[in-house]
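What follows is subunit A paired twice: with subunit B in the first complex and subunit C in the second.
Right, the complex of A and B next:
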C-alpha cells in the first residue's frame, strides 16, 4: 500500500478555558491512505471535530497542539506558515461542512463562490473557471448547472447546496477531503443520495477522505476504515467490516447496541450506557471509559490501557480485548425483554378529523392591490386517532406537515378546518377557548431542551410552576415540592437537581427535565416532537427507554414525531407517514414497515442507513427534492418523484385510500395486493437521471413554509 | 426590483403627505392667536385683520392646509412673517444648500474613517488597537459638540492658524474656499458620529467573521484580505447602513449647536429662529424638508440594503 496521504501522530490538543489549559484530545493517531474514506466517530465532546480541525490546520484561537505531529506530504502542518497553508487550503485539502446553508456567502452568486477557488489555485480565467464550475456541478448530478450557478444560496434547497459544496470541494482535485457531518442537516432521502454521490466521487477523483460523524449508520455505509473516539482518546480503530461485525472495545459495542432498530418492535428495550462522558481536561491515569464500562476491572482503574495492535489492521485500547474477542465476555447485550404493558384500549384519547391548515402570506400590499396572496397548504384533510395508552408515531421529512399537525392539536396554530376531540369530547382549535382541563391533558416535549427550558428558573421552579398553574386543586408549597421530587425520580434524576439551573445540566438531563415537566400535570396525551434528535445516540437510548417506561407507569399516550423511522418504530404502536401535508400511509407499526407500503414509505425505509456495512444497500433514489408546498403537484402529490408511478392517472387524479382488513391505509392508485407483489419483486430500477432543479419550471425553489416547519 | 422601488417611492410620497398634515395641524394648535403673537399684544384689530387676510389665516384650517400644500408643490412656499416678508423658498433654500454641503462633508469624513476603524478593531478583537479605538471613539461621543467644537477651534484656528474659526458662507465663494470653511464644523459633527458607526461596523464585522461561510472562504485558500473585504465586509455593512441613514436626518436638522459655535448659516439655526418668532410658513417648510431628507435617506439605505442583500432583492 502506498504512503498515507495524511498522518496524525500522537496528537494532543488543549483548550484554554479561563486561565487553564484543558486537554481535549490525547495521543490520537490517524492515518488515511489514498482512496480511503476514514470514519472518525464519537459523541459530542469526544474531540472528533477538534481532530478534524487540526487536520485542516484550522483550530480555534484558544486551542493549541501540545504534543504530536500532523504530516501531510511529509510536511508538518504544525509548522506550516500562513502563505504555505493558503496554498494547501482549497487546493490540496478541502472541507465539506455540516451546516451548508450558512457555509455559503448569502450575498454572492454560486458561480462567484465556486470559481473563486479554481481561479486562485489553478490560475483559470473567468470563463474557464465558470466552465469548470459547470462541469463540477454536472458531476454531482445537477442537470442544469447554469441555472444553479446563476443563483444565490437561499434560492437553493439544502440538498442542492450540499451538492454545490461537494462540487466546490472537489473542483481542484484535492488529495484530502474532510467531510464534517455533511448530511446531518438533510432529510433521509436526500442524505441517501448525497452519500451515494460522495462514495463514487471520492473514488473517482482518487482522493482520500475523513468522514466525521456521530451517526454509525452512515459510517457503515460510507467508510472503509473507522476510528472511534471517546473523551479525546482513540478507543478502537478497525476496517469497517471488522468493527461492525465484532466490536472489540466495550464502548463501541455499547454504541452499536443502543441504536434503535425497527426490527426490535415496540416491546424491546434499548441498551443503556450508564453515566456520562468525562468533561474537558478530566485527565486521569485510568481508562477513560472505566466509569461507564460494565466490564471494568481493578486494573482498568489502575493505569491507562495502551492502544494495542489487535491484528487485521485494527487496534483496541482495552485490557480485556482478548476475552471480548474470544467471546468469553460480552460488554453490552441488546437486551430485549417484553414488558407487561397494558394493551392499547379500544377507546381513543384523541382524534383529529379532516384537519386542514393553510398559511397565507397576507401583506398590506396584497390587501391594497387585491392580489391573491401566496399560500402554503401545510395540512390537507388529515385524520388521526390515538388509542388510549398507546403511542402514535408521525414520520415525514421537512415540510411534510408533521410539526404543523402537532401544533394544531396543541392549538399553537389554529386549524382552518376539521375538528378535535379529547376523550370523546370536542375541544376547540383555538388556544384561547381551551379550558384548563384541556391544557392540562395535552402536554408537549420539544426537540431542543436548550430552547424550551427557561435558563433563569431552577429545575424545581420550572416543574413546580406547571403543577401550580395546571393542577385542579390548590396545593401547598411542600406538596408541590414533593411532587416535583417524585417526578425527578421518575425520570431518573435525583432530588439534588431541584435547585439546579439548565446551564448546569447536560443535554440528556435537560431533556429529562422537559419530560418531567410534560408529565407534571398528569396529562392524557404527551406530544413529543423530535424528542431525541438533538441528543447523542447513547443519550437517545436512555430517553427512549424513559419514554417507554413512563407510558407504562403513568398510563399516558404519546404522539411521537420524528424524521427517523427507527426512533418512531421503536416507540410507536401505530405509525402515520406524511408527505406534503397529507398522510400517505398509516397502520400498525409492523404493517407500515413491511410491504405493501406506500412508494414514499418504501423509499424512506430504503434510505435509512443501516449500521451494518455488510448490507451496503442501494437506496431507492428519489428524483429531485420535495416540491415546495406552494406548488403542490396535482393528483397524487408524490407523483413527481415516485419511482412506482403508473402513468397519467397519478398526475391527474387524487389517489384513493386503500384499506385492508387490519386497518392499514395506503393512499395510492395501486391496489394493495398488486403493490405488495411489485415491491417484493425488488426495488424500482434506478432512473439514473440527473436531478432537475426543483421548481425550475415554476414557482420558487427551496421555499419552506413560513411557519410550522421544524429544524 | 423596479416594482420595489416604485412601491417605496409611493410610500415616501404618502409619508410626506401625512407628516405635512401633522405638522400643519400641530402648528395650528399652538396656543394663542398667531397674528397677535406675531404683531404683539397691542396691535390694532385692523392690523390683525390685515395680517390674517394677507397670510390667509382667516380661512378654515383645512382650506389653509390645501392652499399651503398646493403652493408647496408648485414651488410657492409662501412668505415669511418677518419684516419685508421675503419668500420662504429663497430663505430656506440658501440655508438648505449650506446644510447639505456640511452634511456631505461630514459623511465624507465619517464613512471611510469609521468603516476603517471598525474593520480594524474587529480584525484585532481584544488587542490594544481594538481597545484604543473603542475607548477613544466612545469618549469623544460623550463630549458635547460645543466642547469639541471649541477645542478644535482653539487648536486649528487660534493655535495653529491653519483653518478659519468661523464658517460664515457667503454667496460668491469658490469651491475650495467653502471646503476650507467647512472642515472644522464637519470634523466636530464627525466626532459625534464616528463612535457609533465604528461600533456598529465592529459589531457587524465580528458577527460575520464568526459565520461558517467565512470559514468556507478562508479554507478556499484565497488571500485573507479577500476573505475580509469581498466576503465578510459586504454582509457586515448591512446594519451600519441603517445607522448612517439615521444620522443623515440628524445632520440635516440637528446641528444647531455646531452652527452656533461656528456661526454657520445652516438650516438648524433658521429652524430655531422660526420657532422663537412663531414664523409658521418657515417652520412648516423646514419641517417638511427635514422629514423629506430623513425618509429619503432611509429609502436610499433600504435600496442599498437590497442591492447588497439578494435575499431581500429577490423576494
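Right, the complex of A and C next:
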C-alpha cells in the first residue's frame, strides 16, 4: 500500500465559547490511503465536521488547532501559508458540501461558477474551462450539459445541483474529495443514485475521499474504511466489512443495534443507548462513553483507555475490547424483544374518504381580476382508514402529499373535497367548527422539535395549558401540575423539567415534551409527522420505543409519516405509499415490504441504504426527477419514471386499484400475480439512459413539462 | 415499561441551569451592558425624573414674570434677560421668567407628551400588526396597503396638514376634554399616533410572520385556543424585543418632532414652556442673552442622545441573546 494521501495525527481542536477554550476534538488520527473512501461517522456534536473542516483548512473563526498535525504530501497544512494553501485547496483537496443550494451563487449561471474553478486553479481559458465543465457534467450523467450550464442554480432540482457540485469538485482532478453529508438533503431515490455515482466516479478519478455522515446505511454502502467518533474522540476505526460484521467498541455496537430494520416488524423493540452525549464542556477525562456504556467497569471511569491496534487494520479505544472480540460479553443485545399488545380492533378510529386538496396562489390582484393562478394539486382522491389501536404508516418522498394529508386530517389545511369520520362520527374539515372532543381526540407530534415548543413558555406551562384546554373534566391547578409531572415521567423525563424552557432541552428531550403534550388529554389518534427525522440515530431509537410504549399503555392509534421506510415499518401495522398526491399502494406492513409491490415502492425499497456492507445493493435508478404536481403526468402519475412501464396504456389510462384477498391494494396496470412474477425475477434493467434535464424541477409555469408528461 | 430506560444522566443536567435566565437580568443586561448604554440609561432616568417631579422642584411657575420685589429688591420692574446668577441658576428670559423653572415644567410637554403618544402608538400598532400578520389573506393585504400609503407621506407634511385642520376644529368645540388637555396637546398626540401606528404595526407584522407558521402556533390552534390567546400569549413574547427597540427609537423621533413643531410655532402653544418653543423665543435675543438659547438646545440634544444610547444598548443586548 502506498503512502496515505492525507494523514491527520493526534489532532486536537478547541472552540472558544465565551471566555474559555473548550475541547471539541481530541487526539484524532485519520489516515486516508489513495483510492480509499474513508467514512467519518458520528452523531451531532461528535466533532466529525470539525475534523473535516480542519482538513480543508476551513475551521470557524473561534476554533484553533491546539495539538497535532495534518499532513498532506508531508506538508503540514497547519503551518502552510495562505498562498500555498490556495494551491492545494480546491485544486488537490475539494469539497462537496451538505447544503448545496447555499454553496452556489444564485445570481451566476452554472457555467460561470464551474469554469471559475478550473480557470483559477488550472489556468484554463474561457473556452477550455467551458468545455471542461460540459465534460465534467457528462461525467456525472447529465445528458444535456449545455442546458444545465446555461441555467441558474434555482432552476435546478436538489439532486441536479448535487451533481453539479460533485462535477465541480472533481473538475480539478483532486487527490482528496471531502464529502460532508452530501445526500442528507435529498430524497431516498435521489440519494441512492448520487451514492452510486460517487462510488464509481471516485474510483474512476483515482481520488481518495473522506465521507462525513451520521447515516450508517450510506456509510456501509459507500465506504471502504470507517472511523467512528464520539464526543470528539475516535472510538473505533476499521475496514467497513469488519466494523459492520463485528463492532468491537460498545458505542459502535449500540449505534448498529438501535437502527430500525424492516425485518424486525412492528412487534419488536429497539436497543437504546441510555443518556445523551456529553456537551463541549462536560467531557470526562476518563472514557467519554463510560457514562452510557452498559459494560463500563471501574477502570473505565478512572483513566482514558488508549486507542489500541486490534489487528487487521482496526483500532479500538476500549479496555474490554478483547472480551468483546472473544464474544464473552455483548454490549447491546441485538435480539429484539417481543411484547404483548392488544390486537388492533376491527373498528376504525379514523377514516378519510376521497380527500382532495389544491393549493392556489391567489393574491389580491388575482381576486380582483378574477384570474385563477396556477395551483398545485397536493392531494387527489385519497382515502385511508385507521383501525383502532393500530399504527398507520404513510411513506413518500418530498412533494408526495403525505404532510398535506396529515394536515387535512388535523384541519390545519381545509380539504377541498372529501369527508372525515372520527370513531364513526363525521367531523368537520374546518378547524373552527371542531368541537372540544374532536380536538382532544386528534393530537399531533410535529417534525421539528425546535419549533413545536414555544421558547417563551416552560415545559409545565406548555403541557399544563393543553390539559387545561382539552381534558374532559376541569381540574384544579395542583391536579393539572400533578398530571403534567406524571406525563413527564411517562415520557422518561424527571419532574425537574417542569420549570425548564425549551432552550435548555436537547432535541430528543424537546420531542419527548411534545409527545407528552400530544398524549396529555388522552387522545384517540396521534399523528406524528416525521417524528424522528431531525434526531440522531440513538435518540431516534429512544423516541420510537417511547411511541411504541405509549401505544400500549395509552391505547391510542397513530398515523406515522416518514420518508424512511425502516422507521415506518418499525412502527406501522398498515402502510400506505404516496406519490404525487395519490396513494399508489396500501396494505399490511409486511405485505407492502414484499412483492408484489407498486413499481414505485419497489424502487423506494431498493434505494434504502442497508447498514450492511455485505449487502451491496443496486438501487433501481428512477429516471428524471419527481414531476411537479403542477404538471401531473396523465394516466398513471408514475409512468414518466417507471422502470416497469408497460406501454402507452400507462400514459393514457388511470391504472385500476388491484386488491388481493388480504386487502393489499396496488394501483397498477399489471395484474398482481404478473407483477409479483416479474419482480421476483429481478430488478428492472437499467434504462441505460442518463438523466434528462428536468424541466419541471423549477416548478414554474412555462418550464418544460417532464418527459412524456402533459395534462 | 421500565422508566429508567429513558432517564438522563446527571452529566447533562449539570451544564444546563434548571431555570431559564430571569427576565429581570435580561433587562438589566440590556440597560447596563456597555458604558454607553449606562450613560444613556442614567440620562433617561434623569429626564423621566424631571418629567414627573419637575413642576414640584421648580422655584417658580412657568409663566410667572419675576419682578424685583420677588427677590427682595425695591423695584417692581420685571427682571428680563438676566444672566445666570445664584438667584436664577439658568437666568431669566426676555419676559422675565425663570428659565430653570420653565425647563422643569417644560419637560412634561417635551418628554411626557411624546412618551404618552408613543405608548398609545405601540399599543395600537402592535395589536394591529399582530392581527394582520396572523390572519393574513385579504384583510392583511388591504390594511397593509393603507398603512403603506400612510407611511409614504412625509411625517412633517402630515403633521402640518393635521395640525392646521385639527386645532381649529378642537378649539371650536366646547368639549371638557379639550379644555383640560388643551387643543394643541390633543392634536400633537393624534399626529404622532397617526404617523407611528403604521410604522410600528409593520414591524409587529413582519415579526409575526416569522413565527406564525411555527409548530407551537399550530399546536395552539389544535387545542382550540382563541385568536386573543394566540396573539398575545403565544406570539407576543417573540415580537416584544423588536417592539421594545422600535418603541425606544420612535420615542426619540417623537421628541424631535414635537420640538421641531414647537420651534416652527405649531406645537404646544404658549405660555406652555415646551423646549422647542423656548428655542424659537430665545432665537431673537441670541446676541444679547445667549444663555436663553443654550439650555433648551442642550436639553433637547442630551435628551435625544440619551434615548438613542439606551435603545442601542437594548438592541445590542437582544442581538447578543440570539
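Here is the rule we go by: the second predicted complex is superposed on the first by the 682 of 711 C-alpha atoms of A that agree within 3 Å, B and C clash if a C-alpha of one lies under 4 Å from a C-alpha of the other, contacts with A are read in each partner's own complex, and residues count from 1 in each chain.
Here is the rule we go by: a contact is a pair of C-beta atoms (placed from the backbone, for glycine too) under 8 Å apart; a residue touches a chain by one contact, two chains touch by 3 or more.
Keep in mind it's a predicted model, so treat the numbers as computed, not measured.
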item	value
Joint occupancy of subunit A by subunit B and subunit C, clash or fit	fit
Touching partner for A:116 - first (subunit B), second (subunit C), both, neither	first
A:152 touches, of subunit B and subunit C: first, second, both or neither?	first
Partner chain(s) touched by A:137 [first = subunit B, second = subunit C, both, neither]	neither
Which of subunit B and subunit C A:86 touches, first, second, both or neither	first
Per-residue contact with subunit A, leading partner among subunit C and subunit B	C
Degrees between the directions from subunit A toward subunit B and toward subunit C, using C-alpha centres, nearest 10	30
Contacts of A:517 with subunit B and subunit C, given as first, second, both or neither	second
Partner chain(s) touched by A:102 [first = subunit B, second = subunit C, both, neither]	first
Closest approach of subunit C to subunit B (Cα atoms, Å)	7
Residues of subunit B touching subunit A in the complex	7, 211-213, 215-224, 231, 234-235, 308-311, 314
Contacting residues of subunit C [partner subunit A, same complex]	1, 3-9, 11-20, 138, 141-142, 214-216, 218-219, 221-225, 234, 237-238
Of all residues in subunit A, those that touch subunit B in their complex	56, 58, 82, 85-91, 94-95, 97, 99, 102-108, 116-117, 120-121, 152, 154-155, 165, 365
Subunit A to subunit C touching residues, read off their complex	272, 274-276, 278-279, 281-282, 284, 291-292, 363-364, 367, 410, 412, 431, 434, 436, 439, 442-444, 446-448, 451-456, 458, 462, 465-466, 469-470, 489, 491-494, 496, 499-501, 503-506, 509, 512, 514, 517, 542, 545-546, 549, 552-553
